[in-house]
Amino acid sequence: MSETPLRNNPVEHPASTPTRREVYEAGVRRRSNRIALISTVSVLLAIVVLVPLAPGWEAVQRAFFNGRVFAATFPGLLEAFFLNVMIFAWSAPLIAISGLAIALCRDTRAPALFPLRLFGIAYTDIFRGLPVVLVIYIVGFGIPGLGLPRPWNSPYIWGTLALVLVYSAYVAEVIRSGIDSIHQSQRSAAASLGLSDQDTMRFVVLPQAIRNVVPANMNLFIALQKDVALLSFIGPVEIFRQAGVYKSLYANFTPYVGAALIFLALTIPATRYADYLMNKQNRARS
Amino acid sequence: MKLISGTALALFFSTTSVLAAGDGTCAKGKTLTEGTLTIATGNPAYYPWVMNDAPESGEGFEAAVAYAIADKMGFSQDKVTWVRTSFDEAIQPGAKNFDINMQQYSITPEREEMVDFSLPYYTSAMAVLTTQNVVDSGAEATLDGLKALKWGAVATTTAIPMLSDVIQPSDAPLLYNDNADVNAAIMAGQIDAALYDLPTALYLSAVVVENGALLGQFPPGQSESPDQFGILMEDGKLLKECVDAAISELTESGELAAIEAQWLSKATGVPVIE
Amino acid sequence: MAKLSLRRVRKRFGEHEVCKGIDLDVAEGEMVCLIGASGSGKSTLLRCMNLLEPIDDGVIWLDGTDISEPGLDPQPVRQQIGIVFQSYNLFPHMTAAENVMLAPRRVRRLSREELRPRVAKLFSRFGLGDRMEHYPDQLSGGQQQRVAIIRALAMEPQIMLFDEITSALDPELVGEVLDVLRDLRKQGMTMVLATHEMGFARELADKICFLDAGRILEQGPPDVLFASPREPRTKAFLSRVL
């Protein structure tokens, strides 16, 4: 829509003069751009000028935006963030697989598989109802406490399991909603061709369902990226913990600001991308 | 020139003389509530620093020191009130709810840039807390022996620079929120050893950690920067002079040593790590 | 013997009985058209015929075999009775060719390579030779409906059911789909159609059945039924739609 005027490149179409409508729309666009610019600049100015006038600003600046502490701790934070990325990288596929498996459990209709269905329901109810930290504590300290030998008692293994347990419950629910969103007529069409229930699920329903829930799952995985930090409760020194260590060493909160920046550098693009996918899908549906 | 030094001298004399008199005028107008001293401790406060999580009783090393300091500053026992803070609350900018904060805060130059510390009221050895199983499986109290262990520590303590600078373990240490979590990790066999100040380590090994043992200690005299506990105050508050004067007085009179002897068990028999 | 026979077929959804005892015979190579007002049960009857809906009472015979027996595996029956829906119901995530090949691959265990030439022949027979690799949303309604017909034909059914397959199409696209039906008729395919295209029904059907409130009120050859309906309700319906 908005790119049409740009395409009317006068060099390419030397003969074409803009229509009355195009002239009008260009004027409107210029005016709204100008207003947007002015209001943005004045809000920013207000923040930059007014906030430092607050009586406690100097103390806040020293405690949260301390250049010296930032410079000293940022490289260490980046290094610790690598651990977050690693934990995320091995958790995410496990979550995707078990989330799908649980969604399928919940969708079984055969009476013989009723226990499976019951399991799926109980599983999603329980793990969506528990705070992640709690599961991390219970699984991360509890299971190794049963007397597993090293390296099988590693907090990385059990912490990862805790994340997988909780997040696959959410992913399962999202996938199930995707499965439910596929119209009955698709199943009818597959059945009328003589496809078995399993084939119908595998070739007709699931591919569409999963495609539909990609944006919703993207949001879950962005949340996961943040919740990886909770593994620090059972020992691993990832970025959040490292920032805490620096905070206590320097008696200064700037390392947290540094960690926040690192998180944002990753999650903002990911969130934008998820929104883009969501919008694209909504447009395609309408 | 003469005038300036004269004034400085007069100021010096006035403060010291007032303190020596112990009539409490040093802290006048410098506390949150006029006439009372608000002291912060941890939530909960642990043995042997505060007994039974009840600092008002004056029992436990830090509770006893707190009342002694208050007394020297001219606050009688009933003029002391207690509040609880976390480390984060203690260092955050803005108005504080305490005059002085006392919970085994180690004095470091980095921290001193942000907050004020009093003179040290205790100098601690660092000790290695472990379990009998680890000792039995041949862990040695030598630097090389320590490097091979799987380490843990509480993330907010100065044990961490000690770990990374002195011990330099071959596996990255695991860090926890508090003593209870370190204990859980030891129970789960996820770590072999944890680094604590000696009194805390003694207490944990004797009472909390099942089968706990102390592998060794790094005595304060040996370390380049020994772990010294100071009272934390808001940066730039004038109370520091008064508190420091009180601590000096307690140190010189031997009262501090007596309190230490009463509440902190002697660390005899814990081998020294060379 | 009739290819497909229905006797006293009853179907209810909850309290609402949609088929109230249907008797119908479809002979080999015959084309039967179901007409009737909206809600009279045409779609439901078709869905019962290929067991997409289980019937509550009555019998359905296919080549003399009772296919309505409760507990019978419906899959082999469905392979013999194809159905095409009003709303195409193509699989949107597959190309036209993949849509057509899915069932033969999975059910008949044929490989893509074996299927390709046959499928290509079907596509070009219905004027879609150059549309095989398109996705459903890249095709016009008429093209989609023809792909849906090809998809059902690829299983080589003995009977084809069509449920108002032109009613979602623009008038100019209706013709191309009806041409396909003419073509199938010529080939001798046994067909049952639910339709509102009275002209088409009159032109090609061997038998017209008028459904009213879950019953076949009247049936007969098109020239008889259209020219001189016996029942007043049939008359009323025809006068509305003709």
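A few remarks follow.
Just so it is clear, A, B and C label the chains in written order, and each chain counts residues from 1 on its own.
The definition used in the following text is that a contact is a pair of C-beta atoms (placed from the backbone, for glycine too) under 8 Å apart; a residue touches a chain by one contact, two chains touch by 3 or more.
Remember, it's a predicted structure, so these values are computed and weren't measured experimentally.
Taken chain by chain, the contacts run in an open path, each chain touching the next and the two ends left apart.
Relative to the centroid of every protein C-alpha atom shown, the closest chain centre, again from C-alpha atoms, is found for A. The centroid of the Cα atoms in subunit A and the matching centroid in subunit B are 42 Å apart. Averaging Cα coordinates per chain places subunit B and subunit C 86 Å apart.
Subunit C has its Cα centroid 47 Å from the Cα centroid of subunit A.
Residues 56, 59-60, 62-64, 141-142, 144-145, 147-150, 153-155, 232-237, 241, 244-245, 247-253 of subunit A are the ones touching subunit B in the complex. Only residues 185-186, 188-196, 199, 203-204, 207-208, 211 of subunit A touch subunit C when the two sit together in their complex. On the side of subunit C, the complex with subunit A involves touching residues 47, 50, 52, 74-76, 78-79, 82-83, 85, 87, 89-93, 102-103, 106-107, 151-152, 155. Remark: subunit B residues 87-88, 91-94, 108, 110-111, 113-115, 150, 152, 155-158, 160-161, 172-177, 181, 184-185, 187-191 touch subunit A in the complex.
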